[in-house]
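Consider the two complexes below, in which subunit A is the common component and subunit B and subunit C are the respective partners.
Let's look at the complex of A and B:
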């Protein structure tokens, strides 16, 4: 027997010739040890680069300015925003949709990629989900900010009251409030559930007040088999629940427009169009944050270039879907019989708001093609600029949905041109970016932004795979 | 209970035409006819509306920003087309169109209000409950006529300096900032006369009540009344113009002057306009 085995096993030289295996780019360096992962990620809770504080305080300043603007508007009435009779929504609703859209990618992609076992999601899903949560919170702010009587906002909620007055269930705004509330709750739950094993790691390494916080939040996680089994089932169930929910939320937001009968809004393809747009802007923000976090927290070993490359490919694909749906929208209007809608489309492209429209075309339709260039994909500063441009384009897209329609609706007497938002609107929009950045950075400082246990799984699976292929 | 009711009526939420479906045999359906041929564009109706309904005068600066609160506005169109060649416009003047809330039967604003602040009354009015309004402005966004006006400022602070607040109509509330408002067909007058009639055990007679604009119009271009009463002037005019509230039942002669604005959106407006007749010479 021993003779036979000896005969079968070829010598070292032959292995390399016979099993010639060109490995794909590994998502993560295979040599990284588990202790190293803990160390690297926990370090991010400790001391980031100084730029962290620069950004944090800049965001805080922006937020304070936004609060000042809101206070000013609250005291004086919405007139200070320079909204007027046909232009009743302005930047508030446009930015609301922008944030809701951004809030989509995190949870949706995380859940989707989890269900289809795409392992490369593991180092990046945590911060993407956090981004979802905070952008939903920001979006919710806009719902309140744009109300004429903020102090009565709870009328929109179906709460039991002595007068038996219900909200109007046929109004898309009520659907919105319900859908966003549901999505925010489940996203938070999803984020938290996925974080529990990591919080236990934090607990084991923390001292003082943080120890108390992590002990409370890790819910007595010990890493027993039973806990892991329950955890897996729960997490997968939540992922399956969130997938359709996430699609439904932005569809419902789109009904704010599709249900109304204004030209440029009353379009059947709006729900998928909005969902695609949401994913698009969300993905580009994930890229922006990827680059930032990678630099600020020195996550080069985990947020690797192959993962970024996959993210970019996905963004490009979604950008193309969005463009396609955009084209469908315009061509159905163009070839349709509705003269008013056609006029409105022409006005959008050639009228006062043409710069917004063509700006969107440049930023969101032309710019994604630069992602095909290898230099853009690998040179991080360039990529960051591109991803921000894509996102700016998506913000313009929301404006060009809302403003030109109000400026050129059915009734000619109310056509307005040259409407421009006041500094209060811009201030509140800027403040919302400050608020989001501030919350997100606080989160990054308190909770692990990379899923430690899942990166470990990934390293483990990878080395198993490599062994099976005989490389390692 | 309310919830059962809600479930039962779920489908009716989708295409509500309260007067046509729900209150078919109601005693009142307030409606209007505006004869554009008689309208001289004098703005008396607008002024009367300001006085009757406590509308704030916003001033030039805010007017230019689009913050005017004219529930009834006179639109001025310089004609172009077959009946009025462009070069004749200065001699012949503009065409005027008084525009106010059309009190639609299937009102686009009612469907989208999140809190139900705008809803339909049993006498065919599209009402606005100021106390319930949260100011989402969705109703204005969805109104094809754009006749809803939002209180962008706390006008009450500036519009009626002492002693002008004494001129306010005590039957109408002064609206605070952040609520939507619009033409009510002078609902305070309607309710008062309906109450009187009810006390007497009868219906409101034709001509017993009218809106401020109709009352003020020097050329009697505006006729207001109860469409459910076939003897009323309004009902007769609607009938003469072959206009029915239900658009699908309406078989209209093309040569008649009466029309309703944006009928094709199926909003079922309650205001009929009589087209202006113009000849080509002088």
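Let's look at the complex of A and C:
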């Protein structure tokens, strides 16, 4: 009865509470004009800070060194990479998994948060999507590089030929090729479709060759009601496809390992463990790029601290999920009946590979707890260092999945100790970081990194919400 | 002969009032079907005033999600079946569980491709572009494009002006 009275009669306290609402934690300034949003983002395409060119040319130099290493390996064979039995994959496949994983948070941030209407994603999802695309392009390179004979990559690609020779469709390697191809195609289309309204803005403000490019790519978009309605349905549908796809892609990558009988790999929790790891490393890179882009392109008004705070919280939550699954993996081996797997786990912790293992534990398990400290969350240089450490830890994690299993397999006569990758492997891995950074920076210079129309929507919705609460 | 008029507005409220008035005014050779809103962001509140305008993307998606897995499974299974005379050690020639993985990937790929194709067709892009456009629409203005008989154009022009349009662009249809 009292409950009914409370709703029928206006409650003074309730009104008082609503009026006390202070918008101190707004994700974005509600008073920023739409014209200003266009101006700020378009300016980033013309005049970034000089540091942009420093990063771009440094990345280019790194990439050139990687190309040199790859050519050297191509001319002299995989021996120069110190790849031989039993260590046949080395850093290449570890780094392949690392790059595949890095792309996952782009989809998470963009698709999942779009589906659940988390508006704070709007100023930052575009670069995360671009990161996904370039990560996949980088990952695909390692599949070719680790073969040595790069021209034989078509063994895993299904194409009709006169001898009716098809790849083995029951092999996870063929699943990999299909899954990565699907993910790359879908991510590119998702990125492009979501960018069309912004490309029209660029078209309306550009001249010369850029105008031609944007006119071609914006497909004549005019922002009509029918175009917007179609766009909304398309974008939501693509987001719904992208989420399960992202999960399936990294699950399939993990299946490469999990379906084998090798110690340390034959674990049923591998697919979710890989997906969590992928999201974790992707989120830390998103934080790194957030800080970088915010500074280089002067995006302080859009890449705001409240948004960064939400991103950090998400990263911490995913880090805890990953830690849990990591623990589950080791517990399964420890309490299982497979003595060889158990010995291999001990070797990981105390043997040749202990520095990699404990390095991973420090960087990926201990370091996320620093995110609970307010100073780390708010001091951008410190946060950037922490995010890079987290990501380095995830790279070590990929190495400690692969290398110990090859070095401490089922048969004692294959056991090796003291394996260390050659400079060629390190050079190619470093080159891949140069390649990624170069492509990413180039993208940021040509295409809008912040979704202008969605930031406008955000400002519009925020003003409406505040008006309804009687604050504005 | 029908002509086009495009009026620009500073805010959604004014644009909404124009649509209401256009809806209530009976003019020869004019219906709300001939009104198009152009805006920098989606305005569902304004679009509602235009009446129901269906979106057909979902149909393309449906075709995609049906076509993809069927084609994928057929491709994979028929490739495996081409080895039917080989000894498979007692295992099935066409193993269904592992084939489901690729069927799933084809399901997604085909769904995505058909959705995007449906979107481009729904946009009527590239090619069929609306005749009047102002670049301020991509910045912060809301445009209302109307197609009507020449005799009704002055009345519509008056409605636009009455609601403080920033600019009116007109073009006679050839």
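Note that in this section the second predicted complex is superposed on the first by the 450 of 472 C-alpha atoms of A that agree within 3 Å, B and C clash if a C-alpha of one lies under 4 Å from a C-alpha of the other, contacts with A are read in each partner's own complex, and residues count from 1 in each chain.
In this text, a contact is a pair of C-beta atoms (placed from the backbone, for glycine too) under 8 Å apart; a residue touches a chain by one contact, two chains touch by 3 or more.
Only a predicted model underlies this, so the values are computations on that prediction, with no experimental measurement involved.
Enquirer: Per the contact definition in the header, classify A:170: touching subunit B only (first), subunit C only (second), both, or neither.
Expert: A:170 contacts both subunit B and subunit C.
Enquirer: Where does A:85 make contact in the superposed view: on subunit B (first), on subunit C (second), on both, or on neither?
Expert: A:85: touches subunit B, not subunit C.
Enquirer: A:226 in the overlay: touching subunit B, subunit C, both, or neither? Say first, second, both or neither.
Expert: second
Enquirer: Classify the contacts of A:457 with the two partner chains as first (subunit B alone), second (subunit C alone), both, or neither.
Expert: second
Enquirer: Quick check for you: in the superposed arrangement, does A:204 touch first (subunit B), second (subunit C), both or neither?
Expert: second
Enquirer: Once the structures are superposed on A, label A:185 by its partner contacts, choosing first (subunit B), second (subunit C), both or neither.
Expert: Only subunit C; A:185 stays clear of subunit B.
Enquirer: Which holds for A:146: it touches subunit B only (first), subunit C only (second), both, or neither?
Expert: first
Enquirer: I'd like to know which partner A:351 touches here: subunit B for first, subunit C for second, both or neither.
Expert: Once the two structures are laid over each other on A, A:351 reaches no partner at all.
Enquirer: Residue by residue on subunit A, keep only those touching subunit B in one complex and subunit C in the other, then list them.
Expert: Shared contact residues on subunit A: 164, 166, 169-170, 174.
Enquirer: Would you pull the subunit C residues touching subunit A in the complex into a rising list?
Expert: 36-43, 46-47, 50, 53, 55, 57-58, 61, 75-76, 79-80, 82, 95, 98-99, 101-102, 104-106, 108-109, 111-113, 115-116, 118-120, 122-127, 129-130, 133, 135, 137-140, 145
Enquirer: Contact residues on subunit A for subunit C in the complex?
Expert: That would be residues 33-35, 38, 158, 164, 166, 169-170, 174-175, 178-179, 181-182, 185-186, 189-190, 193, 197, 200-201, 204-205, 219-234, 237-238, 241-242, 244-245, 248, 252, 255, 453, 456-457, 460 of subunit A.
Enquirer: Taking the complex as given, what residues does subunit A use to touch subunit B?
Expert: Residues of subunit A touching subunit B: 76-79, 82-89, 146-150, 152-153, 155-156, 164-174, 177, 256, 259-262, 406, 409-411, 413-414, 416.
Enquirer: Can you name the residues of subunit B that touch subunit A in the complex?
Expert: Against subunit A, subunit B makes touches at 2, 6, 13-14, 16, 62, 65-68, 75, 97, 99, 108, 111-116, 132-138, 140-142, 144-146, 148-154, 176-180, 262, 265.
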